[in-house]
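Please find one structure pasted underneath; my questions will follow.
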Amino acid sequence: MRGQGFTTVVSMTGLLALWVLASFLTADPEILPQPWLLLPDFAKAIGSGELLFHLGATLYRVVWAFALSMGIGIALGLAMGRFPAFNQWFDPWLVIFLNLPALVLIVLCYLWIGLNETAAILAVTLNKIPNVTTVIREGTRALDPQLDAMARVYRLSWFERMHHIVLPQLAPFIAASARTGVAVIWKIVLVVEFLGRSSGIGFKIHLYFQLFNVSMVLVYAFSFIAIMLLIEWAVLQPWERRVTRWRTA
Amino acid sequence: MRGQGFTTVVSMTGLLALWVLASFLTADPEILPQPWLLLPDFAKAIGSGELLFHLGATLYRVVWAFALSMGIGIALGLAMGRFPAFNQWFDPWLVIFLNLPALVLIVLCYLWIGLNETAAILAVTLNKIPNVTTVIREGTRALDPQLDAMARVYRLSWFERMHHIVLPQLAPFIAASARTGVAVIWKIVLVVEFLGRSSGIGFKIHLYFQLFNVSMVLVYAFSFIAIMLLIEWAVLQPWERRVTRWRTA
Amino acid sequence: MIRIDLNSKRFGDTPVLGPISFTIAPGETVALVGPSGIGKSTLLRIVAGIDRKIDGRIVRPDGLAMVFQEPTLLPWRSAIDNLRAVHPGLSRETASEALSQVGLAGKEAMFPGQLSLGQQRRLALARAFCGDPELLVMDEPFVSLDAETAETMLALTETLIAHHRPSTLFVTHSRAEAVRLAQRILTLEPGPQGAVLGPEQIRQVRTGTSRPTGVVTAFPKP
Amino acid sequence: MIRIDLNSKRFGDTPVLGPISFTIAPGETVALVGPSGIGKSTLLRIVAGIDRKIDGRIVRPDGLAMVFQEPTLLPWRSAIDNLRAVHPGLSRETASEALSQVGLAGKEAMFPGQLSLGQQRRLALARAFCGDPELLVMDEPFVSLDAETAETMLALTETLIAHHRPSTLFVTHSRAEAVRLAQRILTLEPGPQGAVLGPEQIRQVRTGTSRPTGVVTAFPKP
Amino acid sequence: QDLPTVRLATLEIGTVNWELATITENGFDEANGFNLDITSYADNDATRIAVEGGEADVAVADWIWVARQRAAGKDYVFVPYSTAVGSLLVPGDSTAESLADLRGGKIGIAGGPLDKSWLILRAYAQKEYGFDLAAETEQVYGAPPLIFKSGLGGDYEGVVNFWHFLAKMKAAGMKELVSVETAGEALGLNTDTPLLGYYFKESFLEENPGIAQALFDASRDAKELLASSDEAWEAIRPQMNANDDAQFQQLKTDFLSGVPERGPVDIEAAGKMLSLMAELGGEELVGEASSVPDGLFADVK
């Protein structure tokens, strides 16, 4: 644990050094400012309370969209992986929704529901569900039939089967789709926010991009990334360590 | 096989019916036109050769970005899943790049390399690699140590180990990241194209979107989706059937 | 009463089992023997209701316990949780007690991957014995065990059967085991349309209550 | 010459094997016996170089073949491909021949999941026998087989050993097997710091060339 | 005290905000009998979705786009706001003296092939020098900030961008080769025809009679104040994103020169403009608006 903390610090420092180098080579603070040049902007954004406000707005959307799309996506993925008939029916839908441009779904949601929080969250959720479904479906297809037979013989309830047999086997797939999930959600939230919200990191990033204020773009981007690193270390990795303990024991 | 074809046709018809219904309820062809209203626009876009030209441009980028990001992503994912030390070093980088807004990477690529094809493809690839890496890393961690022991005892070469032991186990993860991969790539290509390319589906969709020409937006979106459905049926599903034959035999 | 009335079982075009009919009375123990690959496990899976793609009819009670040919444990659950996941009513103490009966005392917290194969098999036995099954199905339950451990397990099985009197069907390659536990021995042998039953062997009726002596007492119940 | 010089092997804080030293001469066959869970498989994995987290020194040749306690096949490769994946030089014909030697003729195209457990174990045996190992390590190679099949496999093993004269170390719970195949029998028994070797049993030197009779001939080579 | 509320969706960084801020700060909205309620978005498209989705009553667009929408059946009505148009800039050290000198060069264009300034410049090149600008140069389309930045880096022989970026580029030493205004005049267009304006839904105007005139009056009040008062400029300077005085002055000058004459839109001139656009941009650009749709321009004086 100690060693790991140290590695992480060194590794992050390395990344920072890379940034400094790239920035030095670019030699144009308008394109890629040195990291320390962000500090005043960061202080300003924090000081004015803007950063926290927009971060809050974005996180609110991300959390909702994440919970909804993971929940629905896992359920659909399980169903499609388990029941080939169901899969045959909805497989084309999945491909279509998977490849429907985010823009189209977002605009339709806004126009149907209005430019409000519900539409924004729904748009992100709809964009993300097919991704989760696809990943979980693969995982479900790889479930061990022997353990299913065991569960059947001992007549485990649906809940027990999920808890003891299905979810542990899906853990790597769930972890993968949770990690990439947040990333995809976040990419879509940015579009959702610049297309129809007046708050959120995406809104600010787009604004500052249009002003070509790269430094502020980076300040906002890194605030979100910092939160994600925190979640990774405080939630995801401990969870993963716990559920994969049996592999390394 | 026959039954499946039938199901697919009925299922797609169902989706079409849903569209007709939604469009009927929306009652505004500017927001969601009836499917048949797209036909003249489609004919026009095909007739002028524009559709094929832009589809070609986008596919070119998607194929390149896909091949590059899958190749590099799988290699990185394997390395990070296999070697905990390597993982400890680069895990924070992964989280950061995973959550770096597409916009930031795209703009940096364009500004560094110029508004050209290389920059566009690189931007998409960089955006996608972390996703693939994350998924494959989970898969690699779930590899069966018993089979590794077997490979070691019988001194299989690196290539044989990959071919017979590692890749078959990673197949569900590769399938998942290929499917969601194209979807993510495509979402990013759209942004890349509207930010700095003069061709491609994303360029056109954005153009028509600015003109509020939903019908043309849909024509272009569905052309790409049609290609994806084709790839799904002609490439991905047969491949998947072949590599998972052992599960159902 | 358990009744098997199988016309045939085929995998794709290959017939594996031909016409097979037999019954098992409540409390009766039946051994199934036959060469490797003849179809014993297939028949057991049919009897247990795991494989339903058959041409035939099976009558069987609901309360079932099965020892698979491979341990089939949950690798992500500790030894004790492997019992408790399958028998939700089981208390920690009873589960611990069950583990020590199969010689796994002190290994409660170990994951199956940390156990030797013999230990895993005993864990699977404990799992089957923890319920109160009306039908007990076992596929080579005592292999991979040294003679002494096998003897303990056999004795334990005898006690369980004597106490709860489930109908029992088990596969073995060991004549000694078959003769010791079973009242009847069924043999699978090749037939023209897949394996069929050969002549049945009936063991002498048990002499009195030949309860096993010594360490093993009744298996703990939830 | 194979030389094992183990001081100790522990999993975390638990010592499993204590100080253990022995050698196996070229062409010599050694059986390893001991109760379930004592550490036989652990020792075998150490000898085979799979487990290197040990305090001790192992000298062993490179050319190794191993039969694991569980079949450890590639579920996604057909029976014949399971042989050819591991032995890239093996021709289709030789591989087929090897399959029929272990009684799997005609099952070339089947996936391991379509084979019975006994068939899978025989496939694993064929896989080990296909190479030309200097050291052959086997963990309970003949369980889950009926008497007749087991006899065929034993005879096959004898032939292989007689022909290629690998050093052989194998685990068994069956005295008969141990006595039949091995020149020396090592016993693992509990010690204060993990299992240690008990008194060694040396079998009478083989009488002449007691080559097995009948069906089994030399195992095909690539 | 029950003034009607006008909900206006605006691009937060749009120059229209300078006028809007002046309106609200000086109470020109209430003085003209309405309450202005401004919602900012990060993208132009967002403001249009807001109007279409009923979240706002007014947004800003060019009238050709509004005409296209109106011809397609939307009840949009246009109130003029600015004549500001772009120009084509060349690097400070460029030797080009006319569009003809750009032959074989690269031109960076913000927006896309249907950008109005670009279309007018193409027509101008055709008329004046007899060559197809699009065919004989290479165009690089990109997002305005990217064109701005790479243009400053000297990637292009010529740059067409939105006017506030142009102002900054001029402040950074690039020079104007030809303005769209000049080009328009040469093509016989009335350059007083305001290109940009507010657009309402007609239904909203019917519910609130006189509201178009009221907004127009407030807009004029703000423009007059800005034309005469430096303080008014200082008040909005924080939101102008000017990095230095040069940029600030350039932005101010360009903004003021884009203030149109007060009065109704000259329909005939507009018709001429539209037919030119239809010719150059084709149906892609103007849709079914082959002529100025009736009732497109609000009747404001």
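All chains are identified by letter, namely A, B, C, D and E, in their written order; residue positions are counted from 1 within each chain.
Keep in mind that, in the parts below, a residue touches a chain if its C-beta (ideal position, glycine included) is under 8 Å from a C-beta of that chain, and two chains touch if they have at least 3 such contacts.
For each chain, UniProt lists the protein as follows: A, B = NitT/TauT family transport system permease protein; C, D = NitT/TauT family transport system ATP-binding protein.
In this text, all values refer to a predicted model and were calculated from it rather than measured experimentally.
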| item | value |
| --- | --- |
| Shortest chain-hopping distance from chain C out to chain E | 2 |
| Highest C-beta pair count, chain pair | A-B |
| Of all other chains, the one whose Cα centre sits farthest from chain D | E |
| Chain B and chain E, separation of their C-alpha mean positions in angstrom | 38 |
| Separation of mean Cα positions, chain E and chain D [Å, integer] | 84 |
| Whole-Å gap separating chain B and chain D, where each centre is the average of the chain's CA atoms | 47 |
| Multi-partner residues of chain E (each touching 2 or more other chains) | 45, 52, 143, 145, 149 |
| Multi-partner residues of chain A (at least 2 other chains) | 31, 107, 111, 202, 206, 209, 247 |
| Overlap residues in chain C, where contacts from two or more other chains coincide | 70, 114 |
| All chain pairs that touch each other | A-B, A-C, A-E, B-D, B-E, C-D |
| Partner chain C, residues of chain A touching it in the complex | 146-147, 149-150, 152-157, 160, 163-165, 168, 243, 245-247, 249 |
| Chain C residues touching chain A - in the complex, by the definition given at the top | 45, 48-50, 62, 64-66, 68, 70, 72, 74-77, 85-88, 110-111, 113-114, 127, 131, 137 |
| For the chain A and chain E complex, residues of the former touching the latter | 30-31, 107, 110-111, 114-116, 193-198, 202-204, 206-207, 209-213 |
| Residue ranges of chain E in contact with chain A within the complex | 12-13, 39-43, 45-46, 49-50, 52-55, 143-145, 148-149, 241 |
| Interfacial residue positions of chain E with respect to chain B in the complex | 44-45, 48, 52, 65, 68-69, 72-74, 108, 112-114, 139-143, 145-146, 149-150, 155, 284-285, 287 |
